[in-house]
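Got a structure for you, questions after.
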């Protein structure tokens, strides 16, 4: 079981330049049940995720990560080691093979785990040794999924994880999130598309 | 000739020709090296150092011939859009660069006893150095553009511009050295060529040429096979 | 430690793959240093005198060439986000990138420099100084260059702005480095080597911190 219990967000505000993306945003993401963030383009889903990841400071508000044993932290830097992130870009080097890309992240995140198993799980076993530039968008996305699963962090922040995937790929993502939450992880998913799971919902962009 | 430009036909034909080419190249080089390095007489002025000529001069000839072939293939690729022509140009370049480097290095080794310096800035050496850089730039451009088709087009233009510019470079460099004449003493032309020196020279030249063709064909075949392998893997791996 | 090595290894591998820039920087160095005599003239005595300065200037420019991609490539494809979230502190990641840059640019330049010395008719006495000054000085170029790269990260099509920022900052390395070579040519000894060592040492130690500090705000995306 993973050590975290929930992520509490209180009175979060983000003002970028002149735009107020959101204000007085409060919610909790609990371990075991994914949280889906919905909203139109430009509503601030990506910004919210990046604030949660600690890349960007909010204009106001607090974010507290609570542990099972009662401890926790409100510090963005201390939250970082718990976070598994999927952003808009695939974070792949086109000159390296899928396997090499995955091996790099595994080593960087000190993840123990079978690379071949991860690649096979993602349906990439056959194309694993091709340079990533030859992979399709969906295949590249799958490498990211394999990486997320391999690096085994408890708090998942996923920005449009279903994009560019076919039916099988979407099923893979859904199963993956379900497995993660069932194991005690937190998953916060920004998505346009409907996620076929029982999720808590958060809607951004309503004035 | 364009019949053989079909990759499958090329693979079949080149597969049959290759062993013969390789053997012929080997024999010619062996004969040329033996005649040149061992059997032929030393030059009355330079002594045994003249023997470097047999390695150096044919390499220089080849370097220029390869550039011409490369530019020609590139032009055919550009005009006819033939992928095999593009491949021929791409694979020829590193070989051309190697022969150029060989010519430069052996020339430098020859120059030290002849002129007392590892390098002198005379017209011929300088334009050969520039030829090497033209090759390197061509190779760099192929590597820089990820997509095959735009890469082929861009490098073809580069090769053609380089080919046209080569005589201009040659002319300007000779003009440059004649401006500054009087620096080092350069013996133009090397030793006077007597028949006994010519034979090893031509054998080496022919040997180098066949060696180049052998290596060239091997490289083209390898590229074709690599592309086939990639397509197969991608097709098998399934779309996602 | 293994996370550091992973990033170092990846960057080295990327530098040598197609489009990586290592071979490109080296080729630029050679071409530039080799063709400058076309502007100076073939007088080998004169060329020998200017060799130190020319080779050093060419090394500077060549090393700067590949710097603007140091962080930008990772920034653009989202790798920087993942590196920032990894167990490796951003300072250590910066140091890994500086090290990788030096190993794939500065070090090859140093190794090839004797060949260029040949083209300039450099007397044998000056070769050790040539190689040693580049060996000690090129890490400083990578380190200070990384600071420049981190500062120009938000600049799209940075291109020439990075050298503009970095060149003034690395002038001590150029002065001490070229100075060490001319000292060797003239048979003098001066403090140039010592100063070069000190400069490089400070640059390499301090740069990762400044670099990480400058990179961090860009994660806001």
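Think of it as A, B and C in the order they're written, each chain with its own count starting at 1.
One rule holds in what follows: contacts are C-beta pairs under 8 Å (C-beta built on N, C-alpha and C of every residue); 3 or more make two chains touch, one makes a residue touch a chain.
If you're wondering where the values come from, they're calculated on a predicted model, not measured in any experiment.
Here the chain at the heart of the structure, going by C-alpha means, is C.
Two chain pairs, A-C and B-C, are weighed by contacting C-beta pairs, with A-C ahead. With centres taken as mean Cα positions, chain B sits 53 Å from chain A. Annotation: 37 Å between the Cα-based centres of chain A and chain C.
Rounded to whole angstrom, the centroid-to-centroid distance between chain B and chain C, based on C-alpha atoms, equals 32 Å. In chain B, the residues that touch at least two other chains are 146.
The set of chain C residues touching two or more other chains comprises 18-19. Residues of chain B that touch chain C in their complex: 108, 117-122, 126, 129-130, 133, 136-137, 140, 143-144, 146, 173, 176-177, 180, 183-184.
The touching residues of chain B, when paired with chain A in their complex, are 146, 230, 233-234, 236-240. Those residues of chain A whose C-beta lies close enough to touch chain C in the complex are 46, 50, 53-57, 80-81, 83-85, 87-93, 95-96, 100, 104-105, 107-110. By the touch criterion stated above, chain C contacts chain A in their complex at residues 2-3, 5-7, 9-10, 13-14, 17-20, 76-79, 81-88, 219-221. Across the complex, chain C meets chain B through its residues 18-19, 23-24, 27, 30-31, 34-35, 37-38, 41-44, 47, 118-119, 121.
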